[in-house]
């Protein structure tokens, strides 16, 4: 399994990999916000956590459609389906590698973008923490969409459409936890715990559902 | 003033980091490529473009 | 204990169209089966059904003589499809080492990979990215995968596609070697492969449009 | 750089990558030593000059920030000139030059942004404002990164060169427009209240280290660029040799 994880990381970082594109997209999306809102620093600080979350959400959906499609196109998926390693585990490891290559960098650059949006240190830290807890859930949910759309010739956009409604809870609890850390009356822990629970929940459900979909779509 | 000095130090530190990482990238990349070239040449693979074969 | 592959009353269809019906065969250790037939008669579907990648309408596939009889048959099969299951951006050696590790192969995958490349006539090319190879070389590298991740039964879909005559002989030698060690080979091909003592299954293709 | 690429164009000798590699090998030690010397002088000047009565010690950030900002723009100019070389003159080294300038330019742009932030915090009380100039530098940074990503995404160097050359030139034409629109966008909301260094208002006391540092950074840029170009030529040679190895094995 380590072999699969390392191979996927290698593929993501080597030429043609999507790891850099995701970060760039994230930066571009967040950088565009001030042009829409105007350079009002107070306003930017206020919408900052939400903008970071939406940017990270869109950026992590970006490369997801290739998660299984690339494997299917060169026939590797067939071989993977036949191994004694449970397919659920294979899917989970692929998700993990995908998150390490494209989700984790988003979390790491988010403080920088937080500075651009004039956010306070506590807000930046809280947003980073919620992203760390929440982005794996996006990848895991996205894996289901990617598995469902794997056989479609132009599944790329469809994956995003399928997945977006499903990740709304992640967004809600992520953003509310980030805001709770800044605004005093609301407590930070309850939404953050729910966010973590969602991630853990989909760590179980996501790979299982994706495995079923992959078996079904292999004709 | 000491707080300002920290900013100055951080700036020079950042410059050092950026310049050092650029230099590292260039040097390490060059070294790795040179090693690959040598490995290929030892494997007996010659460049096709005649004349340049002698390097 | 030598293995034996037993297929009983196997049937499969694509959508509503039946592809094949009531296929029965028994292959002993060292046996081989050549699946022939014109294009579109369902050779690939037959192999995919055996591999568990295509649902069977009815029938059973049994592999006797394996250590764990409850495990799905597909885990004892090695499938070489139309596509090579190799990543263009990784080197040939990296690809092979990955498949060896991923298939739970014991031993030193790097050394096995080199030996396998030697066997398919690609010795010394392990350091090249897979995408640099020509179509025939890529096919041969894919054949090397069967050697590094050992499975008793080989399912080969057009193994000689894109290969020249010399490489076809090489494939025949590989098949003979695998059979000599007690393996079973099932190959779908429309080219004349010299596999001594092989059974033949000619797909006629049911799905005749009205 | 413009001078050098002109020189290369006029001397067809230097269009030969092998000759270029040899020349780069001879030139690099000299350029590197010159860079080191300039940095030694520049840094000494940086720390021996008096602090500004208004800005205090933070004025020393300027000696890094301003050269980095200049080089971020010069890097893009180098890329644009090389892109022209690729598209118009089809010079064999132009795309190598463009590809190698991108990471170095991005590095200097990042440095300009970081030092700008570190200067802004004590002076303006905030790390970042969406001021016209800062914003356009940030956009420049994003364009650099996009070009790097584009170069990495294509494995065929020749095709990647043409496509990115088009993008570089469009970007170069677009930069004044971006700058202009950002200026206009910004003043709608908030009048420029940011302190600027008027070129004429600068004291020779500060000008001297600034110029030496700018020269040092420029030399550094060219040293790195030359070295990176040589590496890139090697990289392509390796790729060609590998393909050849694959072909050789096929015929054997």
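Each chain gets a letter, A, B, C and D, in the order it is written, and its residues are counted from 1.
Everything below uses one rule, namely that a residue touches a chain if its C-beta (ideal position, glycine included) is under 8 Å from a C-beta of that chain, and two chains touch if they have at least 3 such contacts.
Just so it is clear, the structure is predicted and the values come from calculations on it, not from any experiment.
S.K.: Taking each chain's centre as the average of its Cα atoms, which chain lies closest to the overall Cα centroid?
M.R.: The most central chain, going by mean C-alpha position, is A.
S.K.: Hey, which pair has more contacts between C-betas, C-D or A-C?
M.R.: A-C
S.K.: Averaging only over C-alpha atoms, locate the centres of chain A and chain B and give their separation in whole Å.
M.R.: So the centroids are 33 Å from each other.
S.K.: Centroid of chain B to centroid of chain C, CA atoms only: how many Å?
M.R.: For chain B versus chain C, the centre distance works out to 46 Å.
S.K.: Can you give the whole-Å distance between the Cα centres of chain C and chain D?
M.R.: 53
S.K.: Which integer distance in Å separates the CA centroid of chain A from that of chain C?
M.R.: 37
S.K.: Where in chain C do residues touch at least two different other chains?
M.R.: Residues 89, 124.
S.K.: Can you tell me which residues of chain D touch two or more of the remaining chains?
M.R.: Residues 155, 242, 245 of chain D touch two or more partner chains.
S.K.: Where in chain B do residues touch two or more of the other chains?
M.R.: Residues 43 of chain B each touch two or more of the other chains.
S.K.: With touch defined as at the start, can you tell me which chain A residues reach chain D in the complex?
M.R.: 15-17, 20-21, 24, 27-28, 31, 34-35, 38-41, 44, 115-116, 118
S.K.: What does chain D use to touch chain A in their complex?
M.R.: Spelled out, the residues of chain D in touch with chain A are 117, 126-131, 135, 138-139, 142, 145-146, 148-149, 152-155, 185-186, 188-190.
S.K.: For chain D, which residues count as touching chain C in their complex?
M.R.: 155, 242-243, 245-247, 249-250
S.K.: So in the complex, which bits of chain A are touching chain C?
M.R.: It comes out as residues 2-4, 7, 10-11, 14-17, 73-76, 78-85, 218-219.
S.K.: Would you mind writing out the residues of chain C in touch with chain A in their complex?
M.R.: Interface residues on the chain C side: 14, 48, 51-55, 71, 74-75, 77, 79, 81-90, 94, 97-99, 101-104.
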